[in-house]
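Dropping the structures in below, format is C-alpha cells.
Shared between the two complexes below is chain A, which has chain B as its partner in the first and chain C in the second.
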Partner chain A sequence: MRIERRLRQPWWLVVVVPVVSIAVAFVLAAIIFLATGHPPLHHFRRLFDAAFLANGALSDTVVSATPLIFTGLAAAVAFRMNLFNIGGEGQLYFGAIMGAVAGLGLAGAPSPVVIAGMMVGGMVGGMALAAIPAVLRAFFSTNEIITTLMLNYVAALVLDYLIFDSHSYLRDTTGFEAQVFPQGKTLSDEATWSSWTSHGVALPLGFLVAIGVAVLVWGLYNRTRFGFEVQVIGDSARAGRYAGMRTRRKILAVMLLSGAIAGLGGASQDGDFRHQLDPQGLRGANYGYTGIVVAALARYNPFAVVLIAFLLGGLQNAGFALQGADFPNGLVGVLQGLILFCALGGELFVRYRVRFDWLSRKTPASTALEPAP
Partner chain B sequence: MLANDHVDFEAAAGEVHALLGENGAGKTTLSNILTGLYRPDEGEILLSGEPVSFHSPRDALDAGIVMVHQHFRLVSPFSVAENVVLGDHRDVGRTFRLHYPDIDRRVGELSERYGLAVDARARIWQLSVGEQQRVEILKALYKDARILILDEPTAVLTPQEADALFGTIRAMAEDGRTVIFISHKLHEVKAVADRVTVLRRGRSVTTVAAAEATPRSMAALMVGREVEIGRPDDGAREVGGAVLELEGVSADGDRGTPALHDVSLTVRSGEIVAIAGVAGNGQRELAEAIAGMRPMTAGSVQVAGRRLRNGDPRQSIKAGVAYVPEDRLGTGVAPGLSVAANVVLKSYREPPVSRGPLLLLRKIRELAEHVIRQYDVRTSGPHVPAWQLSGGNLQKVVLAREFSGEPVVLVAAAPTRGLDVSGIETVHRYLWEAAGRGVGVLLISEDLDEILALADRVAVMYEGAIAGERDADKATVEELGLLMAGGEERGA
Partner chain C sequence: MNNSLLVVVLASGIAYGTPLLYAALGEVLAERSGVLNLGVEGMMLVGAVMGFWAVQRIHVTTSLALAAALGVAALAGAAMAAIHAFLVITMRANQIVSGLALTIFAGAAGLSSYLGSDLNLGGAPARHQFQEIFPQSWQDLPIIGPILFGQSILVYASWVCVALVALYLGRTRPGLNVRAVGESPAAADAMGINVAGYRYAHTLVGGAFAGIGGATFSLSITPQWVAGLTQGAGWIAIALVIFAFWRPTLCLVGAYFFGAFTALPFALQSHGVTVAPELFQALPYLMTVLALVLVSSRAARLRFGAPAALGLPYVREER
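On to the complex of A and B.
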C-alpha cells in the first residue's frame, strides 16, 4: 500500500471527503458506544434531539456557537494570510476584561451607549494583546505562533490576578460570600446585551453581531483591495512585495483585525451570557483553541465558520444536556474527538490517494537491463 | 487536459535522442511519464522490448531511467559524495554507517571516466552551477542509469561549459547508455543529438536524423510554420536620453553577503542593453535592486532623472519600472491565485480595476479575458489558478501585465527561459516593440544568441560586478564567454 500525491483534484472530492470523514467518525463512535453498552442509533438520535430538536435546544446551541464563531473568524482572518495567530484565547480574555471595564465604567449611561462601549472596549482589548506579536512579527520577523501562544498564558494569569489575587476594580468585594469566593462584579442591567426571540429560538445580540462580522469579513476579503493584498501576500509574500504591497502594514492590520474579532467575542461573553468577568468559565471553555479547529475545518471561509461553529456548538450543548448516569459526558467528548480526528485526517485524501499494490502490480523491477559494464 | 496525445518515439541504446518542442507541447509531461511520476491513460512503454508499467518514480529508477532536472535536487550542506549516494538502496548507501573511502573512490572513478571534473569531498554550496550539474549527472550514473533524461541542461552553463557537457553526453552514449536531451536551442540539438523527435501540441510530429536537419527546418516543424530566426526587424530606432541610470550600486545577497559591487550602468530610451553572465553572478540581485525589492547598501538608481527611494517596490512601479522576474512562479505571480488576479497584480490599486477601496470584479474579469485572447494564453478561463498554467503561458501573463503598464524602463530577466520557438519569437517581438516605443530595455539573459540577436550593448556580469561592456555588433561569443567565466578583460 502506498500513498501518492494526487496530480489532479476532482472537484467533488472537496464535498465527498468531509462527508465520508464524518460518516467514518460516527461508525467508529458506534463501535465505542456498543462496547460500552449504549445502543448507538438510539443515542445518536438523543444527541441530535438534544442539540437541535428538543425544546430550547437550538437556543442553547446558539449560546455555545456564538463565541466559536468569533474565535473561528479571528483565526480564519489571520490564517488566510499565513499569519498563524494562535492567540485567540488570550485575545478573547483581554476582550472580556476590557468589555467588563467598559460595562462597569459606563454604568448609569443609557443601555445602547454601554453596549457600544463594551463592544469597543472588547475590540480594543483584543487588539492591544494582538499588537505585541504583530509588531514583533512585522519588524523583527519573530515567529507569531510562539509569541501568540505564550501570550495566551500571560492573558490567563492576568485574568486570574484581576479576580482572585487582587482587589481590582473588576472584583466584587461587597458581602461575605464575595470575600470567600472571589468573583467579578455583576454588570448592570444596562450592560446586558439585548436578545430577540424568533420561532422559539433566542438570538442574543452577540450572535447577530458574529454573523454580521462574518459577512463583513467575507466582503473585506473578496471585494476589496485590502482583501486582495491579503490573499496575494498569503499566497506568496514575495509576489506581494514584487507588486509593491506594504507587507508590514498588512501584517499589523490583519493581526489587529484578528485580535479585535476575538476581543469582541470576549465582550459578548460579558454582555450576552455571563454578566460579569468570569475567569473560570472563560478559561474552562477553550473558545480560542476550539476556534482554530473551527477555522481549519471551515477552510478559512467565513460562512463555513458560522456553520461549523454551529455544528460543534450543538454537539457541545448536547453533551451538557444529556450528561448523567445513563449518558457519561465522556461519550460526547469521544464523539467530538473522533469527528475532529476524522475530518482533519480526511484532508489527507483530498491531496493524496492510496494505492494498493497487490491489485495492480506487474513486473517493473525485473525488466531492468543488466548493469553497466 | 490532454497533454500527450499518442506520442510515439523510440530511442536506441547508445543514442543521444533530442526531444524538441514548444512549451506546452508535452515534453515535461512525457518525461514525467517516463520517470514514473505520471501514468499514461493509454499506450505503453517498452523497455528493451518488454512492456513496463511504472507506479512510482522508484519503479522507473529500478528500471534504470533517471532524470536530471533543470532545477537541481541536491542537499547543499552535504558533500558531493554524500549527495551521490543519497537514495541509493542497493549498495554502500544502504549500510547504517557510511564508508567514506569507498564512496569517494567510486565517485572518483565515475567522474574520471566521463570527464565530470568535481571534487568528491567538496560541499555542494561551494560549487558553481556547472559543477552542481555534474553532480546531478554523477548521481544518475552512480545509480546505473541506462536511460538519462536531461531537461534543458545547458540553460545554466557558459558556452564553454556546455561544450564540456556535450563531451560527457557523447561519452555516456558511447558506453551504450541512452541520453534523452530536452532543449529549445536548435544548434545544440544539432551539435549533440543523433536523432530528434519533434513534439507539437502533445503529438510527436516526426523523428529525423540530426545530421540532416537544419535549425530552420526543425523550428518550422516545431511551430508548424516558417519562423524568423534572428533580429526581428532591424529598422532604425530612436535612441534618446538616459532613462535608467545606476551609479555605484552595491547590495547584499540572500545570505547577507555582498552580491553586487559598485555596478554602474546606463540604459537610454529606445535602447536594448543586455546583461550577460552565468546564472548566479548577481544578475537577479541587480534586477531586484532596480525594482526596489532589494535594499541597496550603496549607490543609487535613477529612472527618467528621478532618484528612486531605496528598497521601495511601489515607488519603482510608479516611476515606470516594469520587471519580468526570472522566478516567475515564486515572484512574478501568486501561484495559488487566479489568472485574473495575477493580471491585475500591480494595477489593482487604481481605476479601472478598483474604485476607492473596492475591487471591480467584473472589470478584472474582462481585463483578464482580454489578455487571454490577445496573448493567446492557453487556459480554460480567468478563474484558473496560475500554477496550473504551463511555463510559457505563465510567462505570457507576466509579460502582458508588465507591458500593459506603459513602462519607462523594462527589466526582463530570462524572459524566454522555458519558452518554445514561437513563444521566444513573440517575446523578442514585444521587447523590440517596447524599445521602438522609446522604452529603455534591460535584458538579463544567459543565452548569448538571444543577446546578440536583440541587444544594442552587452554588459557581462561576473561575481557581482560588470566585467566588461561591448557594443553588440562588435562582440563575439568567444569573447563574451571568456568574460562570463571571469577571464581578464583585454581592452575595450
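On to the complex of A and C.
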C-alpha cells in the first residue's frame, strides 16, 4: 500500500470525506454503546430529537452554537496563517470580563450605547490577552501554542479571582445570599442584547453578529490583499518574506483579530445569555477548545464554521437537555471526540491518494517494457 | 518543627507534584520523539478511572490489587495515546487538533466520566490506596521525616523512573535514536532508524505514564473517583515539560516546585494567613511563559529549546 499526495483535489472530496467521517464516527460510537450495554439507535434518536426537532430545541441550539461560531472563527483566522492560537478560551474570558465592565460602567446610558460599549469592551479584552503571545511570537519568536495555552489558565484564574476571592467591581456583594454564594453583579436591562424571533426560533443579537463576523472574515480572507498575504505566509512563511510581506505585522494583526473575535464571543455571553459575569458557566463550557475543533472540522472556512458550530452546538444542547439518570454521562464528549478523530483521519484522503500495489500487480502492464530477446 | 510552614509545604508539594512528574516524564518521552500530545489531561483521567475500577473490582490482597491497578491505568493511558499516535503518525493529522480532540474525547465531559458513571464508580472510597511505607518513628524524624519518609511508594517509584528515563535518553543507543528522531527525522531515517516505530513506541509509553499519573490521583491523593478529578493537572504537566527544558531530571525539580504552589495556599490558611489561591495557582503558568521566552533566542533554543521536529509529521517522500 502506498500513500501519494494528490496533485489536484477533486471538489466533491471536500464534501464527501467529512460526511463519511461523521458517519464512521457514529458507527464507532454505536460500537462503544453496544460494548457498554446501551441501545445505540435509541440514544442517537433522542440526541437528534433534543438537538433539532423538539419544541424550542432549535432556539436552544442557536444559544449553544453562538459562542462556538465566535471561537471557531477566532481559531480559523489564526490557523489559516499557521498561527496556532489555542487561547480562544482565555480570550473569551477576558472578553466577558471587559464586556461586563463596560456593561456595568455604562449603566444609565441608552441601550444601543451600552450594547456597543460591551462589544468594544469584549473585543478590547480579547485583544489585550492575545497581544501577549502575539508580541512574544513576533519579536522573540516564542512558540505561540504554549503561551496561548498557558494564558488560558491564567485568564481562568483571573475570572475566578474576580468573583470568588475578592470584592471586585464585578462581584455582587449586596445581600446575604450573594455573600455566601459569590456571583457577578446582574447587568441592567439596557445591557441586555436584543433578540428577534423568526419562525418560532429565537435569534439573539450575538448570533447575528457572529454570522456578520463570518461574512467579514470571508471577505477579508478572499477579497483583500491582506487576506491573500496571510494565506501565502500560512502556506510558506519563507516565500512570503522573500516577496516582501511584513510577516511580523501580520502575526500581530492576525493574533489581535483572532483575540477580538473570541472576546466578542465573551461579551455576547454576558449580553445575550448570562446577564452577569459567570465564571463557572464559562469555564465549564470549554467554548474555546470546542471552537478549535469546529475550525478544524470546517477546514478553516468561515461559512463552514457556522454550519459545524450549529451541528456541534446541537449536540451540546442535546447533552444538556438529556442530562439525567437514564442518559449516560459524558456521551456528548465521546461523540464530539469521535467525530473529530474521524474528520482528522479523513483529512488524509482529501490530501492524499491511497494506492494498493497488490491490485495493480495483477495487471501485467510492465511486460511491454521488457527488452525483446 | 514538623508542622512548620516550610516542611508542610515541601512534604505536600512532593505529594501533589508526583502525578505531574509521571505525566511530564511521559510527555518528555513523546515530545523528544517529535510528537506533541496535548491530550495528557484526557489520558490521565482515563488512567484514573480505570485504575480506580481495577482496585474496586479485582479482589486480591492490597499490594496485588494496587499493582494491578497501576497496570490497568498504564494500559488505559497507552490505549488513549494510541489513538493520537495513529492519527498524527500514520494519518499525518495536525498534532495540536488531535491532542485537543483526545482531551475532549477522554476528558472530564467525555469517556472518563462515561466510564465512571457506567461502571458505577462514584461515591465510594477506594478499597485499597497507596499509603506511607516507612514506620511511624521514621516519619516523626525532624524535618526529613515528613519530607523523605512520609510518602507513598508512588513517590519513590517516580524517582526511579526519573533516573531510568534520564539514563535512557542520555546514555543508551535507543535513547539517542529517539532524540535524533525528534530533532531531525530525515537524518534519523537516513541512518536506518525506524521513525514511525520510535514515535509510536514513545507516544504509547508517554500515555502509560500519564495513566499512572492519573491513578496517583484516584488511588493516593483523593482516593476516590470524581469526574474531572485531575482538575487541569494534565495541562500543568505540559507546562512542566517546557519549564524543565525537556529534561527528565529538571522535571523532578519542577514538579515539586509546581506541587508546592498547589500546597502553599492551604498551608498558609492553616497558619492563619489568607491569600487568594489563584495567585499561587497562576504562577506555574506564568513561569512557564517566562521560561519559554528566555529560551527563545536562537542560541538558547539549540541548547534548551524544544526538539526541532516537535509537532511536524514526517513523510519520507516530502522532506
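FYI, the second predicted complex is superposed on the first by the 332 of 373 C-alpha atoms of A that agree within 3 Å, B and C clash if a C-alpha of one lies under 4 Å from a C-alpha of the other, contacts with A are read in each partner's own complex, and residues count from 1 in each chain.
Just so we're on the same page, a contact is a pair of C-beta atoms (placed from the backbone, for glycine too) under 8 Å apart; a residue touches a chain by one contact, two chains touch by 3 or more.
This is a predicted model, so every value here is computed, not measured.
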Have a look at where A:Q280 lands relative to chain B and chain C in the superposition and call it first, second, both or neither.
neither
After lining up the shared chain so the two structures overlap, which partner does A:V154 touch, if you call chain B first and chain C second: first, second, both or neither?
second
Is the number of chain A residues in contact higher for chain B or for chain C?
C
Once chain A of both complexes is superposed, is A:A296 in touch with chain B (first), chain C (second), both, or neither?
second
Is A:I146 touching anything from chain B or chain C once the two structures are fitted on A? First, second, both or neither.
second
Now for A:R246: first (chain B), second (chain C), both, or neither, which partner does it touch?
first
By the touch definition at the top of the document, which applies to A:Q179: first (chain B), second (chain C), both, or neither?
neither
Chain B/chain C common contact set on chain A:
4
In the complex, chain C residues that touch chain A:
36, 38, 83, 86-87, 91-94, 96-98, 100-118, 227, 232, 235, 238-239, 242, 276-279, 281-282, 285-286, 288-289, 292-293, 296-297, 306, 311, 317-318
Parts of chain B lying in touch with chain A, wherever the complex brings them together
38, 47-48, 50, 52-56, 59-60, 62-64, 141, 144, 146, 175-177, 291-293, 313-318, 323, 325, 327, 330-337, 341, 345-346, 348-349, 354, 357-359, 361
For chain A, which residues count as touching chain C in their complex?
4-5, 36, 84, 86, 132, 136, 140-143, 145-147, 149-151, 153-154, 157-158, 160-161, 165-166, 286, 289-290, 292-293, 296, 328-334, 336-338, 340-341, 344-345, 347-348, 351-352
Within the complex, chain B is touched by chain A residues 2, 4, 7, 223-229, 231-232, 235-236, 238-246, 355, 357, 360-365, 367-369, 371-373
